[in-house]
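The following block contains the structure, expressed as structure tokens.
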Amino acid sequence: MIILASIIHVVLALSLSPLLIGVINRVKAKFAGRRGRPLLQLYYDLWKLLHKGAVYSTTTTWVFRTGPLVGISAVLVAISLVPLGRVPALAAFDGDIILLAYVLGLMRFMTVLAALDTGSAFEGMGAGREVQFSLLAEPALLLGVGALSISTGDWSLSGIYGSLFSDGLAAVAPTAVMVAASLLIILLAENSRIPVDDPNTHLELTMIHEVMVLDHGGVDLAFIQYAAALKLWVFCALFVGVALPLQMHWPLVDLAFGMAGVFIVAMVIGVIESTMARLRLLRVPQMLVVSAVLAMIAVLWALR
Amino acid sequence: MLLAVVLIPAVAGLAVMAPFVKRLRLAVLLLAAVGHASAVAWICSRPLADNNADAWIALDAPGRLFLAITSILFLAAATYAIGYLRNEENRTTKDAEEGFLFRNEPMNIFIGCLLLFLATMSLVCISQHLGLLWVAVEATTLVSAPLISFHRHHRSLEATWKYLLICSVGIALALLGIFFIAAAGQGVVHGMNIHALTKAAGKMDPVWLKAAFILLIVGYGTKMGLAPMHNWLPDAHSESPSLVSALLSGALLNCAFLGLLRGQMVMSAAGLGEFSGGLLVLLGLLSMIVAAVFMIRQSDYKRLLAYSSVEHMGILAIGAGLGGLAATGAMLHAVNHSFTKGMLFLVAGNLLAAHRTKNIHEVRGVLTTLPITGCLWVGGFLAITGAPPFGMFISELTILKGALQGGHIVVGVVYLAALAVIFISMARLMPPMAFGIPAAQIKTKEPLWAVAPPLALGLVVLTMGLYVPESLWNALRAAAGAIGAN
Amino acid sequence: MSILTDLLMMLLVLTNLRMLASSRVAVCIQNVAIQAVVLGAITFSLSAHAAIAAGVIVVAISTVAVKGLVLPWLLRRAMKGAGIGREIEPFVGYASSVLIGAVLLGLCFVIARPLRDTSHAGASMLIPVAMFTILTGLFIIISRRKALTQVLGYLTMENGVCVFGVSLAVEEPLLVEMGILLDVLVGVFVMGIVIHQINREFDHIDTDRLSVLKD
């Protein structure tokens, strides 16, 4: 029964994650008073890109071509590691948070290498900024999940999320709130959303993530965009697990609530993007330090 | 009746703040000072009531002593103020050191705050409840801040800000100490009356009491001017008008000391007198050493007097920490120091008015231009450094005797060494001001109001050096006994 | 009521962090107001199981009124009078301040461990949080330049001392509590006046440039 729920989760993640991007864009459009793109726009884009060829610059090497491939494989591993709410992941074992963090890190690493491989100034600049922000976001992520694991005593993500609210809300409320806040900031940073990065900007000097994938085209670009949508799903699932304190005892009902939660988080991201302005680049490390400190406080609280 | 001691100056202070005719304000000031002094004299002439464990305000031995000191000093300062303020009416003055023009604070605020200052200090002396004591000490800080910035220029504002912030932070820490004492007494004693606390002190939790005393000594020690929390003192006491400096050094520091004494009372009743006494002696010695070091190359005579206040507060802390005979010496020292420092600051005010400079090296020949002031200055130098026949000699000797008798040889040696260094520094700086050839254009007028109060205080100090009446000794012993010898 | 107390404590910690992290003076003033409200709420949530005395209600409401409404109003007036909006160059940068704050919180948890047994049942976590608030206030006083921010640090310290008092179940008589509040109110009032005078005299309120008096 539980295995079935996990498999359904992976299938739904693979098929519905581009819809998340569509939801975010639709919310932003509604705030701006526009009709906005169709909800399924990313599917159409992926379809179009898969039928296109690619042009490779002569300065690039095999690194440039393998970047997107490694990226999408890494995030597929991540999808199978991450639980959704109380539904455990497909592959769960002790210490899988480390694998998750490093798999996401591998994806980022290959993207950065591919960007540097082009030899262009814009990509290098974007790569530098991206790495600086992940330098601060990764410890925050590990600390946050560490706080949760200290308070539940479990060492695998599925175990942690499964038993987080089993003792009732009161015991873990402060820790959960802190970790949720920290995870939200990390989510915005890792997925290149406002206030960290504007996905709609067309000025290369202001881009962080967009500029790293500027030279990819065709199938490569399709892989990159799909991988970005899957990465958003991974972080949303992590956030929903902490923020949604519902514990039903039927896996499929938990799954349904989790899915609803993920889409609500996408709408929340849309609202945040519409109501906030992008931060100056100096301030983003400060924000990430605050997120790390929130996670640290959650650890201290769990240790008391 | 006891509350009259607080109400008379408080009501007068508030009344003065209203827009009144100028002459009436000074008359109200003098009347309130005289009224307060007579009330205190009447109260002190009656025997002390038994220690009441429920009263909020009452007069016990240490409180009575400090209240009397405060009252007499304020009377002297108020007399001095009459003439001083008549000269300093709302006009633009040229600053002596830097030559810019500045205005003074409105007179009604100054006089009103002076009277409120007396009221809050009296409240500190008579309060028996530690919480009320705290409220009164914080109130003295707030009410004396406008007094320091009487001359509205950048130096006095800087001094006022330092004073206000550092003392407020210190006193907030003292509040935490008081909460710790309450926590220590949970279940054992109800309320924070000092006598109830001392009776139940043996049953209180020692860990909380020790933590409480550390916070109290940091908090009230900041207000008292103990090193290393003394940084605000030289600035505040040198930039304020002289009569305010006299009151701050002579009365306010004593009130902060009283707060510390209350803490020491609880600690020695709880059997932790060694711990608290040790801390007091340590900070006292540190204050003396710091004062000695900073006095060596001093070039501003009011700052010199301010550092001397730091030194004498250190001596008071040493005496209170050692207990027994030294504690009695500390009480006598409090009396002597207040009057001597008050006299010196008032004399310094005369010097400043005549010579228009605070620089020691630019003031010469005071004995020729202002004879009485010069005599008082030289006499004051002898008095403040502890030379006979003045009163400080007796009190400092008593503290030394107490230290050596109690076996604290190291304390005695450091104490003597610091006193020696201070004597040498002051001897290099203060007497040369009285001798020598004066600069030209010095005003040689010595109006009565400017000379009579310091002269009176000086005579008292001289008398105390030659003969201490038995009743005073009894009062001092009673005050020291309340602290408890450890 | 312990979940409410826990969340209030968390809120207190967050306001301290916000104080350390923000350069805007208006945000810091808002923080002090929020802390006052949290202080009042903690007073209620701790004594929820016992009957709430009338004195406690009066103290809590007057704390919220004075520290949450009157003082921020005074401080905002002082802020407009001095014409400052931000603390531009503190001695310790904002990201470092926040990190130091987290380290201080850890320190407080460690130090408060032996003190925790002697307090209220539901309030054992309040002691490290109160200590953290006091340390935050002290840190702000020493690491910021503007006089107004130093006053805010002093108020944070005062809030921390009061939270400590509440967590130790110290029952001061009504008169003393009112006296403490009155002192804080008059204190901030006097500090505001002095800041106004400093601004008029110097044209700035950077306390590190007030350094003429020295030996």
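Read from first to last, the chains carry the letters A, B and C; within each, the first residue is number 1.
One rule holds in what follows: a contact is a pair of C-beta atoms (placed from the backbone, for glycine too) under 8 Å apart; a residue touches a chain by one contact, two chains touch by 3 or more.
Given the structure is predicted, the values throughout are model-derived calculations rather than measurements.
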Task: Touch-network distance, chain A to chain B, counted in steps - done: 2
TODO: Would you identify the chain whose Cα-based centre sits farthest away from the centre of chain C?
DONE: A
Task: Central chain (distance from its CA mean to the mean of all protein CA atoms) - done: C
Open item on the list: On a C-alpha centroid basis, what's the spacing between chain A and chain B, in Å?
Closed with: 66
Task: Whole-Å gap between the CA centroids of chain A and chain C - done: 37
Open item on the list: Based only on mean CA positions, could you tell me how far chain B sits from chain C in angstrom?
Closed with: 31
TODO: Please name which positions on chain C make contact with chain B in the complex.
DONE: 114, 118-119, 134, 138, 141, 147, 150-151, 154, 157-158, 161, 164-165, 168-173, 175-176, 179-180, 182-183, 186-187, 190-191, 193-194, 197-198, 201-202, 207, 210-213, 215
Open item on the list: Help me check something: in the complex, which residues belonging to chain A touch chain C?
Closed with: 169-170, 173-174, 177-178, 285-286, 289-290, 293-294, 296-297, 300-301, 303-304
Task: Touch list for chain C against partner chain A, complex - done: 2-3, 6-7, 9-10, 13, 17, 21, 94-95, 98-99, 101-102, 105-106, 109, 125
Task: Residues of chain B that touch chain C when the two form their complex - done: 56, 129, 131-132, 134-135, 138-139, 141-142, 145-146, 149, 152-155, 157-162, 164-165, 168-169, 172-173, 175-176, 179-180, 182-183, 186, 191-192, 205, 207-208, 234-235, 238-239, 294, 297-298, 303
